[in-house]
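Sharing a structure here in structure tokens format.
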Amino acid sequence: MALLSLREVSKSFGGLIAVKELSLDVEPGSIVSLIGPNGAGKSTVFNLITGIYEPTHGDVVFAGRRLNGLKPNAVCAAGIMRTFQNIRLFAFMTVLENVMVGQHARLKAAVWDGALHTRFASNEDKAADRKAMELLEFVGLEAYTSFWARNLPYGMQRRLEIARALAGEPQLLLLDEPAAGTNPAEKDALMQLVRSIRDRGVTILLIEHDMRLVMGISDEVHVLDYGEKIAQGPPQAVRRNPRVIEAYLGKGA
Amino acid sequence: MSGPRRAFWAVLILIALGLPFIDRNSAHISAYVDTGYIVLLALGLNIIVGYTGLLALGFAAFYAVGAYTYAFFASPQFGMHVSFWLMLAGGGAVSALFGVLLGAPTLRLRGDYLAIVTLGFGEIVPQLLQNLDKYTGGPDGIASIDQPRLFGFSFGFNPVPYYYVCLAVLAISLWLLNNLRHSRLGRAWMAIREDELAAAHMGINTTATKLLAFAMGSAFAGLAGVLLAGKYGAVSPSGFDFNTSIMILAAIVLGGMGNLTGVFVGGIIIGLLNSLLLPQASNLMHALGRFTHIPVLQAVDLNQYRFMVYGGILVLVMLFRPEGLIPSATRRAELRVQHHDAVVTGAGAEHMAAQEPVV
Amino acid sequence: MHQFLQQLINGIALGGVYALIALGYTMVYGIIELINFAHGDVYTLGTYFSLTILALIPLSTITSGPELALVAVAVILLAALLCGIVGVLIERLAYRRLRNAPRLAPLITAIGVSLILENIMQIWKGTSEVPFPQFLPDRWHTVAGVRFDDRSLLVVGISLFFMIALNLFVFRTRLGAAMRATAQDRDAAQLMGINVNSTIAWTFFIGSALAGVAGFVSGLYYGTTFFLNGYQAGLKAFTAAVLGGIGNITGAMLGGFVIGIVEAMTSQYISDQWTSVVVFSILILILVFRPSGLLGEQAPEKV
């Protein structure tokens, strides 16, 4: 059974139909990519999944559970974490603190545990600290733990967002243009990183404009244009699809 | 804690413990106690404004709720005489409840609207206290409130026992707040301050967490209110107006929003200014005036300039040292950097773009 | 019914004052998204300026109607000019530096400026009520059993005049267009060659000048003022601006009249001491349930 299914999901903003009757399945353990020209509705799909918007029609189903109408924090608790196209780190918290916040849903210390600094809270925090360090090593940021997030270079901020998302122990990770604004070397490293995240057992839904990256790591690719799916399939097939070529060329991309 | 900071607190604790023996003037000791209440209020407001980034303006209303709660439960007004110590918790709880009642519908509002709503609430509460005179005693308030007793000994109007009670409450509060700041909840508060939407995606229930900040901040104000009512044995609406709210805001702005040490110091400075320094300085001026035969000095009342001072603090600190006297490291960076952007305009455009709610 | 009409007249007069103040809040908010907390105090300053200027004029020697009208116009314009200058200075000194800072920051300085203005007025004229010279003849009219005097007429007339003038200005002049453009998108306006700084300064000038007019008018109407007047009046006028949808000029005017009438009716049918509670409860309810204002769904036409 698919981990995530969108079933004829539509979303309109006033007159504009940003996503139109989109159906899409993400199998567990796979890397699925969502591509399409600017303004095609890709980020809107993420926002529909994570509860920023509610679908005008259709259902979002995750691990057999309907997510429509859930708030972002509940979606997170259900096992979906994401990154943002426009990086949204906690800019003036440290790198380590960012990853600690990412674990919020997995930590259990209650208010009084924190206020009284109980043994439970203290142990849990120590464990969270270790886990955050482990994740920062995983994304290669272990040397920057006490930097403010905003002081990291762009590419590292993207990786920090990934580490923060992984801290929530997601079953499904949504990556919105993780390679945007990074150089070719960083892109290669990112490709490796995405693969090894999948190897940790995390399913990935990826939005990306960089075709080399998409073609290199995806198990399946879905193509959106004007909110509608125009193609789907293995990367090589999609790449040769005339409608896809037209959608991209037609926009001069 | 770093070395200097540890030394700072050690010296502070010693001074605090010994103060009533160093300065035996009971009017002074009373002023120190009042200062302590301001610090307590500032610590509460700091949870809301400093940690969570919500500007709440009518904070004195929660102070009033605490004070009147104690007055209702421990005076001839309704013939109830509940123990002061029990009401310390009770007053805090009732204030917290009011915080939740006000916060629940309003916390989703934009920041400056929230400021105005809390301000409106801050106006309504003293008005209600005035108008509902059947219950509240109207403008005269409620008198003959029970004063605290401990081991059969009544505190009465001797400020010294209040001093030590206040000190104990402050010490416990600081300890709790320092723990909270570094806990899961404290990180959630700050995450909300930094980026509420991203915080929600980390699994933080932003509504509940903001509400908790509101409730806890209000509880501190309620606690301060009970202490105040117990100390003076009387309450009236006049002490809980907008000016009081502003005084507390000035304290945390001056000290440094979001930083415990800073807020503590800011509260002490504003508190002392309010209850001791301005009246003292006026007297000094008068004496100087008599000595030099300058009539203007003899008549000057520096208390008149109190709000110029608070207003000046708010404006000057925000313009020139937005992080306050003793800022938290992150808050300093934040306010400075954005300042910098503002000065090097042109970067302004990017900055605006980054703030758009584009996801 | 008779009482009702009487209070309606009072409410409209009062509403004219609130509407004039509300315009300043709404214009400034429309253009820089700041609740200009000091605005209510600029209004009181308008009353203080007016009564100070009036004290310089030998009013007892002036009796003819046209001459009195001339005095009134001169005082209004002067008070408006002075308040306008104060407004521009406040913007320049206290707000401009913080234009791109977190929104808390300018709001806090605005509160500080408000306190400073109040303290200045307190030192200037003391803490007790300050009388406003009554230079108009005490003439009353009765229409359908409702009594009102020249002052009420004048208050409503002056308010309406300035509101119409403002509307013409905002929608018919180049500077008005620049203000609307800046309110819509500051960066785009800048790219189009609009001088954003001076446009914002003009917005403060006009909003504050209108507060000065309101200050004169309310002095005339109430015959007295005091240094803290602007705090509550400002908050009520802000309520009016929110009621009309903040940023919306027409809305602010309507909101002003609504609040004025609500206040007059509350004092008639409930009690004087409940007016603030009622008005601020309206403020809270509106913000909670209809933060875009009463005028409907459409995005407010910003100044």
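Miscellaneous remarks
When the chains are written out, they are named A, B and C in that same order, and each has its own residue count from 1.
As a convention for this text, a contact is a pair of C-beta atoms (placed from the backbone, for glycine too) under 8 Å apart; a residue touches a chain by one contact, two chains touch by 3 or more.
Because the structure is a prediction, the values reported are computed rather than measured.
Chain contacts in this assembly form an open path, with each chain touching only its neighbours along a single line. Using mean Cα coordinates as chain centres, the one most removed from subunit A is C.
Ranked by C-beta contact pairs, the top pair of chains is B-C. With centres defined as mean CA coordinates, subunit C is found 32 Å away from subunit B.
A straight line joining the Cα centres of subunit A and subunit B is 41 Å long. Spacing of subunit A relative to subunit C, judged by their CA centroids, is 50 angstrom.
Shared interface positions of subunit B, defined as residues touching 2 or more other chains, are 334. The residues of subunit B lying in touch with subunit C in their complex are 49, 53, 55, 57, 105-106, 109-113, 115-117, 119-121, 123-124, 127-128, 130-131, 242, 246, 249, 253, 304-308, 310-316, 318-319, 322, 334-335, 338-339, 341-343, 345, 348-349, 351-352.
Against subunit B, in their complex, subunit C makes its touches with residues 33-35, 94, 97-109, 111-116, 118-120, 122-123, 186-187, 231-232, 235, 238-239, 242, 273-274, 276-277, 280-281, 283-284, 287-288, 291. Residues of subunit B that touch subunit A in their complex: 176, 179-180, 182-188, 190-191, 194-195, 197-206, 212, 330-331, 333-334, 337, 354, 358-359. The part of subunit A that touches subunit B in the complex is made up of residues 43, 46-47, 50, 52, 71-73, 75-77, 81-82, 84-86, 88-94, 97, 100-102, 104-107, 109, 111, 113-117, 121, 124-125, 148, 150, 164, 168.
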